[in-house]
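Order as written gives the chain letters A, B, C and D; numbering starts at 1 within each chain.
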């Protein structure tokens, strides 16, 4: 039993000799998720929903069965995962910890609406659409996306500040246009919350054009706000651009530091090479760049092996 | 009396043993400001304003009382603030200086419209909306925003130049579309100022669509202007992106320089550590980065303490 | 015959003594491609197409003849190209390889629709418009564009992740607006795919405004999505900005490394200079920058030729 | 006479002891240009033009007189300018060179339309509007704008490539939407040039919304194009962002190199300091940054004055 659990865990983790099987499982699960999302989106079209009623039902039943099985298996085998195996607590505690982890909660959310519909016969359109949250199950599979989200988290304080500036400007813009256009267009700028719709569309440069100022002074004010919007759009872009640059620099630095630590005697064993290769993959660096860093480190080492002045080892 | 003033100042400054009390006070004041802004925005909706008339009035009275008290207390205790305490002038002079500082003026603006309304019975919609300027009181509390605004100030000359280029293009675009569409759409492109509304919406990529060229040659010209708009939007974004990158680099440099100065004997006392930690917080650097800079500096020092060749201090 | 083939190849490659002739040929071919594109675009205007019927026909015949000739000549002479000359296989195999290369396929696509029209008398509007793919023949001539596309390829994993985030947000936005506006505007938000049109226009900040939410709660949700769109637009821009910065850094590094390798004895021969100049052009570096890198390298070398302390070579 | 010419030149150049007078002259000329631009814009409003007819005429006469005088004086005194004074040719040749320089041509364009109107009694609206080109006279006064334009020139090859990619996408987008929507909306997508209006507005994210696809397949295609537009907008922004970063780096480098050259003996004379200060201003660096570079250079020098190993000067 324990043997089986460990094997299944290795398949799910795609580690050891089950790497290939794990990758195939991933591809299958990703495909099922994507088919599900497309199906739920199409199901919202009334004509398609009625015509293919039974097909959608079968797909839903099969998918929920698979996702439920996946959820239970993951909860069962989680105790063998590297992360949890080293924890010093009982299997039940490990399982509870896993079930409360973000990825497990996402997995639960993916099946919950359907289980509610099946077992409690609740059938609201709201619940049907909630099944779309299944799309979040994909986060498990994308490393690049996790790195991308990291940039948002790194810049969170600056982005929050940008959001705050945006809010202040939003309030000022909607309050200004409300004062200027309130009497002429009471249906469109009748209150500050109503004016916010225009301010929002303008400050983000979306510019629907369903609501626009019509008085000359209102247009002048609107023109100033469009100008401000350019600065507004520039802030998050600038922040992320510099954050992405920083991330690239940091990862390169991290790799160089790791290389520096690994290479202590001017040589690089196969095992060290393997470790560095793993790190390189984890950091998303190109092979070219990694090789260069290693070569530079080796050169530095060899040139320091003997002192240039006295010929002795330092 | 003086003792009390100093204690209150420490609470407001969140320094010394009143750090915790100060933070609680901050949270309370921030909450009041935000409740106020939401209330004023909602009050502009006619139906809500009439239904909750008394509630809004009470909130306003209480808020103005609190803000007025805050203003007076700050003006009274400002003489004990680190910044003013070291000044070589009388308390009255210090208070005048404080009252003329930007933050104090913002505090005054936040209560002035309401005081006018209460005491002089002036009740204009204009004045009511002006109370929204209370939102600026929040600037006091956001460090990240102050750093963000710094980027704008650092790039002010470039941003002004970008604004100038924008103005020139705006004039050329509106003058061109005026010449081309004036005869066909005299109501929309009747004069250059009128044509500027279109030019503004286009050059900032807002694109309302309420005014568009309709002649083929006007559309061709309009198409060229949309292309130009991409370059236009790119300038402030590019400037801020490079400015943010610069800021990150500069702050890291500043921290490294400070580390270099603090660590003079290859060791780091607790007090020095505390100073660096404060600087790190002020510069908005991550702990990881700060620790690395300190470690690198310590390493450098220790490797320079004794010459590797002759064993003597260099 | 072989001599002629080699000569023609040198003209097409613009190498050796036929560099000038090759450049003239390039200009002629670029001009023909551009004239063709403009003609096909204009031909879609019904009045122009009927008036200049014969002119368009002649241009088409001549162009197809030239492009066909170019295609055949390139396929014939490709065996002498540097890239293929060194391959260890028969001429036929080389030609097959060339024909299957992207640039050759583009050349084929440029003439295929017309050949179908001429020889099989198929005359669909679809085929006529397909001739516009000729514009891709220009890729052959732009080095800067190839470098630009490289940035996209370098960031492909991150851009894919951004695309994935975008998809998730698109699904959530359209699903949300569908729930909120479905009952009020069944013609515009009748299904999730229909709601996607609005979500797409909003998340990319295009904002057509043909479909907008009208309920207060729908507008609130819409406002949140416009805010999210700013972050959305910021991701690819930030990625490309940091990628472009990286590319510039990498190319400069590459040039410095090459300089380091070429200059081994503190001197720079004419041939080495020529190689570096070629590399500089290939990497798109400015002459100023290249000269500085070379000078810096030469300085470093000369200062290392003799040890400053003992006068001996290190 | 020559003395007077030199004095006037110094005033116009704001050099020597006439620096102050020169700055005042600059402010006066900038003010006149701005007043002119505002006046010409307002003159296009019919009601204003008729009411203030004589005022506009007087302003125009005075302005043209001043600009003409400025043009003639600049042409007369240009021979004393630093740039031309060192040239080895006759005064007439110098004046011809100056008259053909971009800034002189802009000055001529600023007065030409009015001269034509006054002397040849040609009074076209076209000519009237052309007077707006006076705004270009301001380029002379903005250093930051010249630096900004430099970034565009530095990236010209990349921006051209981006423009080329944009053109290709524009052709493909308009050709696709033409095929898909031509039959349903013949008035809006009747030909490829007509479809380009939509493609242009979409690819630049302006999104007027006056022309939108209405068929499901057309909307799908349109959605793809909106996605592509995000990449499209990202290219110029990314290019400029990395170019601005480069420029900052280069200028800092240039200043450091200059510092390195100036400081040859570990000391810095007043004259050298003055030169560096001038360079700092020209490069638009902050004083803080400049001082740091100088200090770093001085430190480096002093630490190299004596060899760490043997105590001798190297």
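Note that in this section contacts are C-beta pairs under 8 Å (C-beta built on N, C-alpha and C of every residue); 3 or more make two chains touch, one makes a residue touch a chain.
Since we're looking at a predicted model, the values are computed, not measured.
Seen from the C-alpha centroid of chain A, the farthest chain centroid is that of D. At the interface between chain A and chain D, two copies of one sequence, more than half of the residue numbers in use appear on both sides, so the contact is built from largely the same positions. If you average the Cα atoms of chain A and of chain D, the two centres end up 41 Å apart.
Remark: chain B and chain D have CA centroids separated by 29 Å (rounded to whole angstrom). Listed for chain C are residues 193, 196, 205-209, 233, 237-239, 241-242, 245, 309, each touching two or more other chains. Residue ranges of chain B in contact with chain C, taken from their complex: 205-209, 237-238, 241.
The part of chain C that touches chain D in the complex is made up of residues 37, 40-42, 44-46, 125-126, 129, 132, 135-136, 138, 142, 144-145, 147-148, 151-152, 159, 163, 166, 193, 196-197, 200-201, 204-210, 232-233, 236-237, 239-245, 247-248, 284, 286, 308-309. Within the complex formed with chain B, the residues of chain A that make contact are 154, 157-158, 160-162, 164-165, 167-168, 171-172, 174-175, 178-179, 182, 190-194, 196, 202, 205-209, 212, 216, 219, 222-223, 226-227, 229-231, 233-235, 237-239, 241-242, 245-246, 307, 309-310, 314.
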